[in-house]
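Paired with subunit B in one complex and with subunit C in the other, subunit A is shared by the two complexes that follow.
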Partner chain A sequence: MSDLTRLTPGVAVLLQGNQALARGALEAGVALAAAYPGNPSSEILESLADSASSAGFHAEWSANEKVALESAAAVSFAGVRGLASMKQNGVNVCLDFIHNLAISGCRGGLVLVTCDDPSGVSSTNEEDARFVARLADLPLIEPATPAQCLALMKYAFELSEAIGQLVVLRSLSRLSHTRAAVTPGALPAGRPRPHWDPADPAQRWATLPVVPRHRVMKQKLQQAGQLMAQAGLNQYQGPERPELVIVASGSSVLYAREAIGLVDAAARVGLLSLAGTWPLPAEILAQRLANAGAVLFAEEIDPFIETEVKAWAAQQGGALAGLSFHGKADGSLPEVGELTPGLVAAALADSLGSPWRSVEAGYLERARATVETLAPVREVGFCPGCPHRASFWAIKQALAVDGRQGIVSGDIGCYTMGHRPTGFQRVNSVHCMGSGLGVASGLGQLKPQGFDQPVVAVVGDSTFYHAGLPALVNARWNQSDYLLIILDNSATAMTGFQPHPGTGLTASGQAGQAVELEKVCQALGLAVEVADPYDLEATQAAIYNAVRQGGLKVLILRRVCALVQGRRGGHPFKMRIDPAKCRGESCGCNRFCSRVFRCPGLYYDEKAGRAAIDEVVCVGCGVCRQICPAGAILAEGEGEAAA
Partner chain B sequence: MKALTSDPLGIVITGVGGQGNVLMSQVLGRAFLAAGYSVTVGETYGLSQRGGAVLSQVRVTASGVLGPLIPENRADAIVSLEPLEALRVLPVYGHPGVTVITNDRPLLPLGVLSGQERYPAPEELKSSLAGLCGRLYWLPATAVASQLGNPILANLVMLGALLATGLVPLTPEQIDAALGDLFPAPKLALNHAALRQGLALAREG
Partner chain C sequence: MASSPAVAPAPPPGGGLARLRAEVLDPGLCVACGACLGICPHLIFHDGRVAAPDACGLDSGRCLDLCPQAIAPGPEARRQELAQASDAPWWPELGPVRQAVWARATAADLVGQVQYGGVVSTLAALALELGLVGEMVLTQAGLDGAPEGARVTDRAGVLAAGGSIYAAGAGLMQVNQALASDESHPLGLVGLPCQAWGARALRAHPNYPAARRLQLVIGLFCTLNLDLRRLRAVLDQAGVDQPILRADFPPPPAGVLELTLPGGLRQIPLDDIRPTVLAGCALCPDLSAEAADLSVGAAEGQAGWNTVLVRSAVGEKLWAEALARGLVEIQPLPEETRGHLLGAAQAKRQRGLMAGKERRHV
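Let's turn to the complex of A and B:
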């Protein structure tokens, strides 16, 4: 990333939505920014961390999102500005704190950014985190472009400070990862000195007594609605008496604008672009919907605005209640998956009674049929040289030898793919951060009732610190019986190699205090073993022995992420196939290496009639030479010379 | 600022995670911005980085703000770092007049490695692509990049080829300048060379 303080005010640059959000926070004079890595949100804190020393504030990767928000709230209590950014899942992790924070209120501007992920491009779900605004009566802001990301981030801090309440800003994976021209403003000359007056009754940040404070929470939301209306966050463009109004938020504002052009309906259709969506902007809705014939809602994931506007319109009665509403509820737009300009155009055209096609039907049919016939699916997989492939190989082999149908509960990270073919489908359940250990903890209690299958939990190093630790404490306390395998690749790899407590590096790349996996587990009184997953035989033996012995045990499989290793100068070997040893179809192994191991660097060359190394893809980790029954895969290089 | 061949101009850049697709879209985006156009670059990555298909979109207009997505079947050019991925995006972004520029070097999906699925023969893939677009450039970008010393340079070779199509009103020098913002000086010469080799390759083809 880069130091965003170096941008020149007034000079447009190409910024990613996430970078624009970060620059907005810098211009707002943020004093503490905290996050846990999670795509599509990760670049916000990365950019802030890279700017922290120049701008003189604190940026950190926190152990999890709840701690991140609590830290940001703390500086708000002390009168300065705090930011916590996360992906949609993170909002769930924070939920208990949010609901209480909303009652206690806060002082310095406090903003929570959630980056939701329609279609689950880099997520295990496509949750719409806007629910939190309604649940906790928090103002909700939804920018549509990178330029708005910057402007509305600054506004969110001001609004929060004006009402003494947390403000939620919602981005989307598409917006967070869109680059467009953004013109930076000025950075603040200074920041107020943080101070928390313990004698000031207005600075007692607690929820009691609940009912009067709950009333204040409601009043703050009302006040926010007035301020947001005055700020003109929501805009209408189109005819005074349109046949239809599209009500849109986020990226859908741009899709809707484009859709109106695609179906050539600018004279008939208006666009109400909402950037302040909660509380519902009743004034502009009443003004713009009263003259409309119908309404089409364009928003990502849940019909949040749609449902609320319909409830509100029913309450208003009259012409508003009689409006014809189109959106996700009536099937005009799909209930799941990301929206596109074409989907909005088709829904608009249908609502106007004149169907629209993106291209002639014949072309579409031919193109689809060709893809169907010719193009094999491109399944996601571990990178060449990934230690996780080796780890899951060892788990699969060891549990097969054990023969008792071992169960593996997985967790969140690259190794979530353990339940896909690349991980030999050896993972049997995956849910959220840390839940692999919790599931194993329960399953490990069933032995006395006849459950004789070994239980293994697999968790990444970063995820272990995030939410695995309480589950492991629970397992130790209640004497659950399972093998915890920590896949320690020394990075939060999935989200872009961010450091975590075990690495000892902070977000800005400075030395922090490393929290060592072994010591944490040993402090719980657990036996801890460490193995190198690249050494398949030793790893398989360690897993086999542990499940045979039973009891709660920890095995750390330690090997740096292959992509990180690539940046550090790469792997030691040059792999090749010995043509004298690889006998192809006559071997009897039935193409064991490519068929079963499935590293993208290794394929079966039909023409040559034997296995081959794809030199463009292979990184030279040397693991595959251990799996060939004929010993035909050779590793040439210094490592071998030493061996 | 030269007039765009179509406004908005939409370029899809596709390929497999790790091929330098996102970088390509960034370079193109910066070059367009520096040349005075309004540009929006949409990137898809995340889980797709791990061996899956990765797609970026570069949208350009003389003025105004464009959304991150090219409307369905409205791309002007599809640049693909892997031939199968060029085909895969055609139902979504293609139309009879689209220009397709693809690297000819396959990267085998897992299902093909394991023998459960088949990767189409090059000629079959090439003729199918030709039948679904207006112009096809089928180029040995990885081979050219490997000769230059690193297969990762295939992305710059492909960017050079895109310039050769005439769809993009940018000069190699404007791309060089954008690269200068993103790469340390010692790496620039090789990138510049790859760009020019791609340009020559597509002009010959």
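Let's turn to the complex of A and C:
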């Protein structure tokens, strides 16, 4: 990322949606920005962290999203502006605080950015986080372009400050990561000094008494609706009496615009682009739908607007009574997966009864078949040299020897892929951040009832700090019986190597105070052992001994992420296959090294009839030399200190 | 002594690892002889247990072919083949027997230091000294007390491995690993009846020419073998300091397992030990390691002596040399003892064969 304070006001630049959001926060004079990394949101905080020193505010990676939002809310209580950004899962982590914050209200502008991930491209779900606006009566803003990201971020702060309430801004993968021309505005000359007047009854940020404050919360939403209508966030384009109006938000606005062109229906179809979606913009909806014959809703993930508009329209009666509605509910658009211009165009054409298709019949099937013949199969997998591959190998081997059908409760990070072949399918359940420890905590109580399978929880270092710690405290308290394996690769690797409490570095790359895994666990009174996953035999023995002994134990498998190691000068070995030792198909192992171990740096050379190292891909970690029964995998540079 | 074997699921088509798992590993009938280990990375051994973490994807393999616990060819067929191949007198209860005597070692450093009469250690050391074999594979206690195969090349190595702890040690894994090396010298093995049968399968396997290097098998009498982990749990419960240096089943009516520990002797009642017997041992019909070149066991009622059965020409040659050098002294096997031995062997045979039939019919 880069220092966004260096942009010149009035001069257009190409910015990613997330960068535009960050620049908007800078122009709004944000005093504290906090986040937990997670695609597709990470670049917002990264950009702000790179700009924090220049702009003179605080930016941090927080231990989790809830802490991030609480920190942002705190500065709002003190009268300055706060921002918390996260992916959709993070909103769930914050939910308890959000519902109480919505009642207490706030003072300085306070914005929560959720970046939702249609199709779950880099997520474990494709949740629509807009639900939080409906649940907690919070204003919801949905930009469609990077330029809108900048402008609406500034507006969100203003709106928040105007009504004394948290404002939710929703981005999407497609918007957060797309680049477009954005013209930055001016940065503020200064920002107010934070101060919280304890004597001011209006600055008592609490939820009690609930009922009157709940009433105020409702009033704030109503006020927000009025202000958003005045701000002209929502625009209509098209004929005055259209056959159909597309109601769209977010990146679907662009898809809808493109779809109207593709179907050549500009004269028949209007587009109502909604950027302020909650509370429902009733005025413009009433105005534009009254003259339409049908409505097609285009929005990502859930039919949020669609459902609310239909409920609202049912109450209106009159001119809206005869409207026909199309969208996800009637199957015009798919309920799951990301939308595309083609999908919206097809839905539009169907709704209009127009013959249109993006491609000729059977094209997709033919294209798929062709690609299958041309492209090699590529499975989702750990990187070459990834310590997680070695860790799951050791877990697999140790639990197999133990022989009691051990269960592995997984968590969120690169190692989530442990449930796939790359992790030898050794993860038996995975849900959300920290839940692996909680699930293990429950399983670890079943022994007296005859559950004789050993239980292992696997969690990454960053995730451990995020949400694992309370579950471990619970397990210790209630004397649960499981082995916690912390895969410490010294980074929040899956989201882009952000630092975490264990690394001791802050978001700006400055030295913070490291929170050491061992000391945290030892402080709970737990036995802690540390092993290097690259040493397969020692790691297997450590896991085996721990599960045989039973009881709540912690094993830290420590080895820096292979990609991080690559940036630090790489791994020590140059791997090669000894052609005299590799037995090829006569080995009897049926390509054990490439077929089972599955490191991308190791493959079977059909022509040569033996294993081979892909020198472009192999990073030289040396782990694979431990698995060949013939000792045919050689590590040149052996004896040099491993990094 | 062992509990009835678990029900075996219907075997998958073909052979190889999948079938080994279905027939032997998954039902818990593996006795950790080690025949399948050391030839393929899909099978691993740790702490007395064999496991196959991954599917190998092949429909045939030596792992199944060599396993004495596999359903096919079965102990009866194997025994018939041995009877046809052997030119020694055939004892219905004990297999091929050229000589049957009581014996004990004469070397001062063996008396009282190794188990029973010290004959096994004497013969193993002599085989190395004669160059009959260049390496002997024995079973010894590892650093953590778990038995493991050990490759030794001299008398000191043999003495270091003296004594038994009656737990599975997968000694044939070391044989396979030795066979995979670049060495060409003959190998010897000291092993249990299951291992002697595994060794015979190794030597006869058409796709294992290197196994012809295995020239000598000294078999051990065996009535049972123990699951190390279950034994450890029993001993933990009994407050026994581990590791165990040696374990003996003194002849009846002792009714105990006698443990030699760093701190002295300790006896555990047999009733406590029975639950730790490997389930797969119930399938074994062989008391005296019939497939070995010589077999050695404790001499009933004669402390400090061994019963020795000389079976093959190779065994006879080694035995003759031991006698000629005065390394062992012998006395005739008393008729009464011989009767007890035959009875015990016959009883074990019947139990094992019956268990095998039940296994095939489930």
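Points worth noting:
One rule holds in what follows: the second predicted complex is superposed on the first by the 626 of 643 C-alpha atoms of A that agree within 3 Å, B and C clash if a C-alpha of one lies under 4 Å from a C-alpha of the other, contacts with A are read in each partner's own complex, and residues count from 1 in each chain.
Throughout what follows, a residue touches a chain if its C-beta (ideal position, glycine included) is under 8 Å from a C-beta of that chain, and two chains touch if they have at least 3 such contacts.
From a predicted model like this one, the values you see are computed outputs, not experimental measurements.
After superposition onto subunit A, partners subunit B and subunit C are found to sit side by side with no clash. In the superposition on chain A, contact is made by A:Ser173 with subunit B only, not with subunit C. Contacts of A:Gly588 after superposition on the shared chain: subunit C is touched, whereas subunit B is not. Put simply, the three-chain overlay gives an angle of 90° at subunit A, taking C-alpha centres for subunit B and subunit C and rounding to the nearest 10.
In the superposed model, A:Gly342 makes contact with subunit B only, not with subunit C. Once the two complexes are overlaid on the shared chain, A:Val596 sits against subunit B and subunit C alike. Applying the stated contact rule after C-alpha superposition, one finds that A:Ala400 touches subunit C and leaves subunit B untouched.
In the superposition on chain A, A:Pro629 makes contact with subunit C only, while subunit B stays out of contact range. Set against each other, subunit B and subunit C differ in how many residues of subunit A they touch, and the higher count belongs to B.
Once chain A of one complex is fitted onto chain A of the other, the partner contacts of A:Leu274 are absent, as it touches neither subunit B nor subunit C.
Once the two complexes are laid over each other on the shared chain, residue contacts for A:Ala12 go to subunit B alone; subunit C is not touched.
Once the two complexes are overlaid on the shared chain, A:Ala265 sits clear of subunit B and of subunit C alike.
After superposing the two complexes on chain A, the closest approach between C-alpha atoms of subunit B and subunit C comes to 10 Å.
Shared contact residues on subunit A (touching subunit B in one structure, subunit C in the other): 595-596. In the complex of the two chains, the subunit A residues touching subunit C come out as 396-397, 400-403, 424, 540-541, 544, 548, 588-590, 592, 595-596, 627-630. For subunit B in complex with subunit A, the residues that touch the partner chain are 16, 18, 25-26, 29-30, 33, 38-48, 50-53, 65-74, 84-85, 87-88, 90-91, 94-96, 105, 107-115, 117-120, 124-125, 128, 131-132, 142, 146, 151. Residues 12-14, 16, 39-40, 117, 121-123, 145, 147, 173-175, 177-181, 251, 254-255, 257-258, 262, 340-342, 345, 358-360, 363-364, 366-368, 370-371, 374-383, 414, 417, 421-422, 494, 591, 594-596, 598-600, 602-604, 614, 616-617 of subunit A are the ones that touch subunit B when the two sit in their complex. Those residues of subunit C whose C-beta lies close enough to touch subunit A in the complex are 39-42, 44-47, 49, 51-54, 56-58, 61-62, 180, 229.
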